[in-house]
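Here you go, one structure.
So that you can tell them apart, the chains are marked A, B, C and D in the order they are listed, and the count of residues begins at 1 in each.
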Amino acid sequence: MKKLINSPEDVVSEALRGMEAAHADLVRVNHDPKYLVRADAPVKGKTAIISGGGSGHEPMHGGFVGRGMLDGACPGEVFTSPTPDQMLDCTKAVDGGAGVLHIVKNYTGDVMNFELAADLARGEGIEVEAVVIDDDVAVKDSLYTAGRRGVGATVLAEKVCGAAAEEGRSLADVAQLCRDVNANARSMGMALTSCTVPAAGKPTFELGDDEMEIGIGIHGEPGRERKPAASASEVTAMLAEPVIEDLGLGSGESVLAFVNSMGGTPLIELYIVFNELKAILDARNITIGRHLIGPFITSLEMAGCSITLLRLNDEMTRLWDAPVHTAALRWGA
Amino acid sequence: MKKLINSPEDVVSEALRGMEAAHADLVRVNHDPKYLVRADAPVKGKTAIISGGGSGHEPMHGGFVGRGMLDGACPGEVFTSPTPDQMLDCTKAVDGGAGVLHIVKNYTGDVMNFELAADLARGEGIEVEAVVIDDDVAVKDSLYTAGRRGVGATVLAEKVCGAAAEEGRSLADVAQLCRDVNANARSMGMALTSCTVPAAGKPTFELGDDEMEIGIGIHGEPGRERKPAASASEVTAMLAEPVIEDLGLGSGESVLAFVNSMGGTPLIELYIVFNELKAILDARNITIGRHLIGPFITSLEMAGCSITLLRLNDEMTRLWDAPVHTAALRWGA
Amino acid sequence: MDTIGYRDVVGWLRAFAAVVSEKKEFLTELDAAIGDADHGINMNRGMSAALGVIDDHAKEDIGALLKAVAMKLISTVGGASGPLYGTLFLQMSTRTGGASELTAAQWVDALTAGRDGVVARGKAEMGDKTMVDALTPAVDAAREAADAGESPAAVLRASADAAATGVEATIPLVARKGRASYLGERSAGHQDPGATSTYLLLDAAAGAIGAG
Amino acid sequence: MDTIGYRDVVGWLRAFAAVVSEKKEFLTELDAAIGDADHGINMNRGMSAALGVIDDHAKEDIGALLKAVAMKLISTVGGASGPLYGTLFLQMSTRTGGASELTAAQWVDALTAGRDGVVARGKAEMGDKTMVDALTPAVDAAREAADAGESPAAVLRASADAAATGVEATIPLVARKGRASYLGERSAGHQDPGATSTYLLLDAAAGAIGAG
């Protein structure tokens, strides 16, 4: 394992210190327990939004804390859910009296830890709603399983809900919007290489020189299917088609197309994938109303990409366009 | 070689089509010869700035075309300088009557091709100035060699000069500013892995499981020294110290600190490096006035990072802060 | 010995921390195959922290000790195993508050409460390929042994052996809860990491307390 | 034959394109060792495009053909070799404009002009580990043979052989121009890719024209 780190145990805390050193204008960092909140938190009277999850997905979530997006974020160990005490303290630090939305990715660990935290926060008199994001079509959604994973839609939900909260919308409203985004977004990802959890020291899985994993999540866990590596055009179809089907997207609709690098795939390849995605959507008369291209929800240095489509309506488009000023997403400010 | 591409020959043209599909609001793309210009080019009366170089360094340069930064960019084949006909046509497409600055990275190929293009453009009555960026302290600067390479300072020069041009400054002024930025910026990079040029199909060099290259450029070329892999703290010192020495930075000065990923190094590690860099600069009483952290001048999927320091003065700080709206850098707009 | 004393419980927790530290890589490898390669790391982070709690614990109150360990695990482990192990200890603590020694029957009651807590939190059933597949047979075997009037040492041994069998039984299963469930059919053929650490927990009890 | 005709020049350029395509990987490997692994790809892209120019060229004017090839190389090769090879052919064309055949002496004049153009553009001297290290000995050997009244075939063979020796001589050198110079001492021990392709160019001339 070769990484630009000092020791595996210190990865998360030192990166957090780096964030603190760089972005003091945007965020305030707490080190024990670990969380970060926007510099002006708590914003009185505003619905607050926090998220959290394992580290290793940067810039998510810490890079999305700031005006127009998250009020706070809780980084866990690499690929490991944060703990309820982090979430509780972060919830208290951002609550401006209008309640706090927890945006939770659907992983057993995240869900259980956020549940514990929400119980504790409610016990201290803070209004908390939790919305679980589960947009990954690679996983069969069933009553008898853990259900779909939360992946790319998380980034979109954090932006759209962040804008709504900034406009002064109530906790109930913002939570409903979050559910709407989740209901209208689906994702699918693939990997060309594995990644190495620093504390484990070796790749989570091994892929042959001409193999790829289709349907991976964001934790370096293997996907549903191992296949021979294929062209960008074939891979894009394998990802986009199940997403389009599952969303039931029809001719004339408009989407936000999010082409995400898992970390190790360079931008030049993402644009090739975007070009293919455009062709697939054009052929179905689906418009790309907005887009996001880059490494936003990653798995350390994993090579691969994911595609997320969000069915847009006028309100979501407007909220997407609203000013945002965070370390990783910024416009109109 | 596993990449999200269709065929090695089509990488650059398909990625350019992806840029075109995504960023029609920001750029206009010409396919033969290949170049892109900001959507409103030529801007009448404004000094225009173009740059160009091999592809594989994305987002540089195409991702920096737009208001407040570049007027145009010419992408070559991967790691290969573009050709004079691209540069000539791009120069003509952006010239608003106030002349065109060519920002050229100091590589034999880039310099010679831009020289040819400038001669041709001048022949057609366009005023052209060229500034060669050579900020890489890993290379000894000598009359008898090709001199230092142009690396990270290129991004900073493009931003600062782009802002100055937007303010209406003359070609001579903007060119002088570009020389000032170059004179006050130095960089050093390192790699943990090689990268694979699509057309070559295998890694440019091989690094052992516990080796790193110190003093690499941005073309996947080997560096000056192969060393055992070291901690983030040691690596940061190896990069930052020669930069600080060469710039002659003293106590009380302020810098723009640019911590760049070569492509495959994830953001979490960049923040660890930034944290170390902050400690090194703090110890010398050098202030980080501004910063840039992320993959901005990359070498495909190479793992590694580079550090660039730019000595700031009030004017450069102001120009750095000025609004910019490009695919890859955006603020204040 | 016909009871499990406070010192036995301390010995058990220390032994569990030791074996988790020793088998950290093994547990992580199991998780790499069907999860995200952190189970050993997670459990070791938690149990190392718990050691501090155990050292600092003065009062000979088994319930209070188990509760302190539970809270430490909840705040240090994260992931799925943090709330699950936290809940296991937390529920055990509710049945052992104030006690400085436990009969075999009391132990079985506590373990049953712990198992019920895990099921309530994680909603896994037998056969879902989770720690429940080790815990439930262990509870059943312990109860049977206790009902038969066996010594605490024998009860603990019986529950550890049943857990071992339960772990074996996870191998062919297709996971239906937790991260491994995303793999679908591909999860079959691998031993569940959480079930494995649960076996280590119960085996540590048999070792530490049986020997004590 | 005592002159080099238009068809000979066409044969030469086609043969060069063929050998570049065949040795593309080899040239790229040489460049991988001390450069950026693209020299074979660059040259092949350029010469493939040049083939189209050659096919389309109707007039039996050697200078016009060389100029067309030069412009095509400049606009398709990129990198260092694009302007350098472009300049080589462009300067050769200025000495051969309008001619449909060349004497050995005229050929040597043209090659000398080409070499001078490369030196003017790239500012490399002998011993800098560049294509100049193949070109300059080749020019010298060609001139000597021509001055001695040898046939064009012999002149071309002499220049190709000298280029081969020049390529060999680049191996121990430390590069002082181009990308390889960034390696400093580490560039020693490797054969220069541009010198190698220059040898292939001159060897193609000897093969195509000597045989014709």
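To be clear about the criterion, a residue touches a chain if its C-beta (ideal position, glycine included) is under 8 Å from a C-beta of that chain, and two chains touch if they have at least 3 such contacts.
What you see is a predicted model; the values in this text were computed from it and never measured.
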Would you kindly count the fewest steps from subunit B to subunit C, each step being a jump to a chain that touches the current one?
2
Measuring between Cα centroids, what's the chain most distant from subunit B?
C
Provide the C-alpha centroid distance between subunit A and subunit C, rounded to the nearest whole angstrom.
32
So, in whole Å, the Cα centroid of subunit A is separated from that of subunit B by 29
Between the Cα centroids of subunit C and subunit D the separation in whole angstrom comes to 75
Listing for subunit C: what residues touch at least two other chains?
none
Residues of subunit B engaged with two or more neighbouring chains:
none
Pairwise touch network: line, ring, star, complete, or other
line
Go ahead and list every pair of chains that touch.
A-B, A-C, B-D
Sites on subunit B touched by subunit D in the complex
33, 54, 76-85, 107-109, 112-113, 115-116, 138-140, 144-146, 149, 197, 199-200, 204-205, 217, 219-222, 224
Which bits of subunit C are touching subunit A when the two form their complex?
28, 32, 34-38, 41-42, 45, 74-84, 121-122, 176-179, 181-184, 186
Residue set of subunit A touching subunit B in the complex reads 2-7, 11-12, 14-19, 21-22, 55-56, 58-59, 63, 192-193, 209-210, 212, 229, 231-233, 235, 263-275, 278, 288, 291, 293, 295, 298, 300-301, 303-305, 330-333
